[in-house]
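You will see two complexes here that share chain A, one where it goes with chain B and one where it goes with chain C.
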Partner chain A sequence: MERKIERYCVPGTVEEAVEAIAGKDATLFAGGTDLMVQTRSGKRPFTPLLVNISRIAGLGGISTDGDRVRLGALATISGIRTSALLKEKAGVLTEAADSFAGDQVRNKATVGGNICNASPAGDMIVPLLLLDAEVELASTAGRRMLPLCNFFTGPGKTRRERNELLTAIYFPIPPVGFAAGFRKFGTRPAMDISIVSVGVAATRDDAGWKNVRAAFGAVAPTPIRGTRTEAAIEKGGTAGEIARIAESEVSPISDVRASAWYRKELIRTLTERLHHDVFET
Partner chain B sequence: MSLKHEISFRLNGKPATLSVAAHNSTLELLREKLRLTGTKHGCGEGECGACTILVDGISVNACLMFAVDCDGREVTTIEGLRAEKGLSELQKAFVEEGAVQCGFCTPGMIAQATHLRNTCPGMNREEIRRGIEGNLCRCTGYKKIVDAISSSLEKRDS
Partner chain C sequence: MTGLIGKRVPKLDAPKKTTGETRYLQDIELPGMLHGKILRSDRVHARIVRIDTDEAKALPGVHAVITAKDTPGVPLGHGKDNTPLKGDKVRCIRDEIAAVAAESEEIAEEALRLIRVEYEDLPAIFSPADALKEGAPVIHGKHPDNIPFRFDYAHGDVDAGKEESDIVIEDTFTLHFVTHCCMGVSGVIADFDSSGNLTLHSLTQIPFLFKKDISPVIGVPPGKIRVIQPVIGGGFGSKLDIYPFEPICVFLARAAKRPVRIVFTREEEFVASPTRQPVELTLASGVKKDGTLTFRDVRTLHDNGGYTSWGATTPFVIMQTISSLYRVPHCRYHTTVVYTNNPYSGSFRGYGNLQATFAVESHMDRLAEAVGMDPLAFRLHNAQEPGETTLQGMNFDTCGLRECLETASAKSGFLEKRRAYRSKQAGPVRRGIGIASLLHVGGGAKIYRTDGCGTILKLDDFGHATVMTGSTDIGQGSETVIAQFVAEELGIPISAINVVNNDSEITPWDVGVHASRTTFIAGNSALRAAKKAKDKLLAAAAKKADLSADGLDLRDGHVVDAATGKPIVELGKLIRSLHFTQRSDIVMTTEYYEPPSVMQDREFKGNVSASYAFGTQVVELEVDTETGIVRILKVTAAHDVGRVINQLGIEGQVEGGVVMGIGYATTEHLVVEEGVVKNPSFRDYKLVTAPETPEIDSTFIETIDPEGPAGAKGIGEAPAICISAAIVNAIHNATGVRFTELPLTPERVLRRLKEERE
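Up next is the complex of A and B:
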């Protein structure tokens, strides 16, 4: 099962990295926390070129950039969890980072890795969908931006081309009146892979809630936006009605962690609770 | 044979240069190549925390870290966590509070608790519990471990 690694490289800049992977079948890692488990279990064979992107200058950091927030691809989950900037501007990311794995994994795992690993249950993805995040991809041809909601194509699959490096995540600084919440359901507060996760967000103005976002994890082949749920919240439905719409627009599978029926029940219950916590208080 | 790569790093305060297979974990490097068996192999997938070490002062699971990524870093294992003279205050607290039973989780608990002591010295019991949620102990029920970490916070290593 194990394919031979023929070359290992540690680029110091984005330019060196994209040169190194151009035209190659490369495996990239930063924290390595997902890759190590996947290669060891045989789920994912190594490719001939192994690239450690964790030393690339300028690829980390959490900062504002004009009217946007920039998360460098190498920002760790611990970095997100303890960022004063994010706590103030986008506390839903702080909440999600706080329920992500355990301290040792959070200290090593990166937000870019969590996105590129493209797990349907990826815990940073749901809150980033609520924030209208975009990802920046670099290659020898230059850089391009892609909305996160269009980035995923299936479990472990994304629109990142083999010659591209995810360099950063950007999202608009949420406006005054923005409210958001995230709930992950597992059997422990953290550590567990999400059985389901739910997030909702919106901005309040005089007329009600606008720019409503709802997103769900672990109930479809990729993390998804719930557009019918969003419309129902914007129209001002009751929490019960909205929760039933949320339940009807997810299509979970049964697996070792939970049955499809149980996941739908959880989506309904968590959406109802979140609606109460975020929009009614 | 998989590709070998030469790395240089500091291990428990001393420089080390050696060659590792590119696919190896830091846990394999420590236990199998360097025979530092204080760091334990529990689950091998980041769930149990028995292999916790400090890298550049930050706690990580050695089983999830590529050994080649140790290059240029400062790695500290349980073998390097003792005080200059005997046990550290944290280790003494584990003994005094009876926080060790079978002992398998203890090296990882000490490494993680060292990280917690260094990064959030004012933490309360609940924060300690959250701080060790990546470390499994199948004997103690955690109470005595939390007691030990908590009581150690008032003491500084001389």
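Up next is the complex of A and C:
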């Protein structure tokens, strides 16, 4: 448990951080809102090297970078929730952040942590999938970009290598005519792990909705894109048809929070409602 | 009179709790104190073949490792069917196998991991019905039929009642596991001195019975046990029995020759503290065409779990509601309590009444519909009047049931809204409104030969009062109410009162915190002790001033002329003048208040409480028929409380009870699968949080109970009792579908609604 930590390291720069974790099995600490719970419960023991990345200069921040938006890995959920930039350019992130846990957790939890924790129910992941986000990974070998939709490999598992640090998330500034929505379902408005979550987005032009994105949380081993749902929306199917396609392309499990049957029911209902709210009004 | 009764008096403990100054059990560090941890079974029913503790004992920092063979093995708990540590077999998931005392919690946990236990699994039982089957595994050899208790009650003649009925309905109601979720987890510190005196820093709700109950288990005479209660972070009934961790802590302290503290983790609290008892209740009810109830016939099956704590005795309360909530001419009640390998249940706010009222008040709506009456008129037609004695022998000297029904319906617009919501509603989200009432003891409950509480009242020579009361404050606000009574009687400010309620060496005997009894019983005791002190002070003042005591009163810290309010002597000065004389005296009084109730006879009949509480709650809600989620919009509550003592406190009691009841009905569920608790965390055990809490409009019906202190009745449990029935009645109003099983999770609601649609 805690006693097994042999070395604690607080890098001040990304370079120092990637140097510190090179060739090691490090535990990375940012906001700690998932990590501390998981280590205490024994679900994920600390490794001998604990690296606190929360003081790395420039690893936070929410800004535009040319035609892209950059979310620093350390941007907190509160920061996202209150960002005027995001509210204007990508309100779906504001919406998701608003249904994310409670204030104490939102103040500490980081977007990079939410992504690297790779929960199938991760609340920031679904809206970032809608925005075609990419993640930036740094190591001593340099930096590389990976599309977020290819980043996850299973519950708690990602394509981040042990010697890599997730440094930022980028997504193109959505064009004029962009619309998106996000819903999570639980018995509470926030402070709840999503039983399912659904997001849809698209850009309107004269001919109709283009670049449609649909994504689902907590219905597969990772948050997923719903490509058949996207195609159906683009073709202009009815909300009911689209919802049935969405239901057919998810493969949820039954657990203590809900049965697979109920998750499919919710995907259908929420997709239909979201389609109505985002594309029909 | 200082006019404190009925005012909004902030709880005396609130400033310390809100600023973090309060010291809980977790904050107490005794010199040399060790940390105890318990190894629990991960099997639900198994023979223990071998326990190897050698490695654990060898771990540096470990001072004691104990198993059953190191202890006397005297059984404990209400049923005396549970030993602190298990030597032969385990019967449920939480069972205690071994315990460790070490220099830190981490070392103690590490030591637990080094203990090897070899089990031989036994066939297990997870439902009461299976426990009753021919050839079912036997859980306790003493009860080869797996039935530790049966309860039978009857009045009238149910067969005749059936004959008289124009309509008879029957349903089976299924109630689930929930648990208390006290913010302060369970724990204890055991500390021996060199003379063998034992001090227990305990969170018990029953300090005096606790001494008696734990004494034979640990082999320490009760006279050598001192119980000190640190501030208790919630009880709700969970601390009404003794549990294995308490004697285990004593055994560890004895073995280690050091003070030992055991504090549960939150997960342990979910797995190893008691639950509310799951019940399957089949109710048949009858009614005449004119709306008069004819009979109730009830059979219940109780899942006792692996051992017997107070949960087994909830039929005492269940039968009161079955027999006496509204006039029931004929009644029959049978309960079978059955051992299973599930977690075992204890007492929990409402004590069976949530289960009983869910069934009875669901049927009241169904019967009203069957005879074509509105639910309010039907209930009023069958409601008792003040002065009635029920057929179980309860004397309703005061009874505000009618006023509760009328007030809650009028304030919520119940009848109009109910009509409006019954007509077809557009869209997937439907509104509904539902009503339900309750009956609960409000003047203690005489389940022992005494239901009394002692008070010692001491006035110091500056006119400050110390009230030593046997009653415990578990967060419900009794300290404040007791101080109000004494301040009011002695005409001194509440800031001049100190309530001592947490040390068995100082405070006089009390039964404990249960049965909504503290304001009524401990309040009466404190009030009478204060009256005695007042009489003494007035007599002394009268003698000194050569006046008649009848013409004097205590106000604003002075003896005054009762008629004019003119001060005669300052209180402190009067007391000092009693001290500093040749024939000196102090002002100290004692009282033991015994309520005029009786123990039930062998047929469970008799006036078991000195007063009875009534209430009606109306719930307005929304059902999303496509997701199944139920949103409670508003609760309108009217409670017969006798008299309000602390307006702020009683609003808090009602609001807290309503929220707890909503949790029971809709979100809270301790998921137990094959004996294993699947959701031992606040992440997956869903308490109702602030955003889902509806507007709560509380009205207090003051019937001024002649026996109650200043007219008050007990109200602690009542607010949680009837809301689940009001919720299912409202869902029926919204959707036409009736639920008989809790909790009403979105998934359960959607599944049923879809079944009904298909």
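In this text, the second predicted complex is superposed on the first by the 278 of 281 C-alpha atoms of A that agree within 3 Å, B and C clash if a C-alpha of one lies under 4 Å from a C-alpha of the other, contacts with A are read in each partner's own complex, and residues count from 1 in each chain.
Simple rule for what comes next: a residue touches a chain if its C-beta (ideal position, glycine included) is under 8 Å from a C-beta of that chain, and two chains touch if they have at least 3 such contacts.
Just so you know, these numbers come straight off a predicted model, no measurement behind them.
Participant: Looking only at chain A, is it chain B or chain C that touches more of its residues?
Facilitator: So, of the two partners, B touches more residues of chain A.
Participant: Using the superposition on chain A described above, determine whether A:257 touches chain B (first), chain C (second), both, or neither.
Facilitator: second
Participant: Tell me which partner A:46 touches in the superposition: chain B (first), chain C (second), both or neither.
Facilitator: first
Participant: Once the shared chain is lined up, is A:185 touching chain B (first), chain C (second), both, or neither of them?
Facilitator: After superposition on chain A, A:185 lies in contact with chain C alone.
Participant: Under the stated touch criterion, which partner chain does A:10 make contact with: chain B (first), chain C (second), both, or neither?
Facilitator: After superposition on chain A, A:10 lies in contact with chain B alone.
Participant: Now for A:193: first (chain B), second (chain C), both, or neither, which partner does it touch?
Facilitator: So A:193 only meets chain C here.
Participant: First (chain B), second (chain C), both or neither: which does A:269 touch?
Facilitator: In the superposed model, A:269 contacts chain C only, not chain B.
Participant: Go through chain A and flag every residue that touches chain B in one model and chain C in the other.
Facilitator: After superposing on chain A, chain A residues 2, 41, 188-191 contact both chain B and chain C.
Participant: How about chain B: which of its residues touch chain A in the complex?
Facilitator: 2-3, 5, 22-23, 25, 44-47, 49, 52, 58-61, 63-66, 68-69, 71, 112, 115-116, 130-135
Participant: For chain C, which residues are in contact with chain A within the complex?
Facilitator: So the residues of chain C touching chain A come out as 106, 109, 267, 626-629, 666-667, 671, 678-679, 683-684, 686, 689, 691-692, 745-747, 750-751.
Participant: Once bound in the complex, which stretches of chain A touch chain C?
Facilitator: 1-3, 41, 185, 187-193, 256-259, 261-262, 265-266, 269-270
Participant: If we count contacts the way the header does, which residues on chain A are in touch with chain B in the complex?
Facilitator: 2, 4-8, 10, 29, 31-33, 36-37, 39-41, 46, 50, 52, 54, 78, 101-105, 107-108, 188-191
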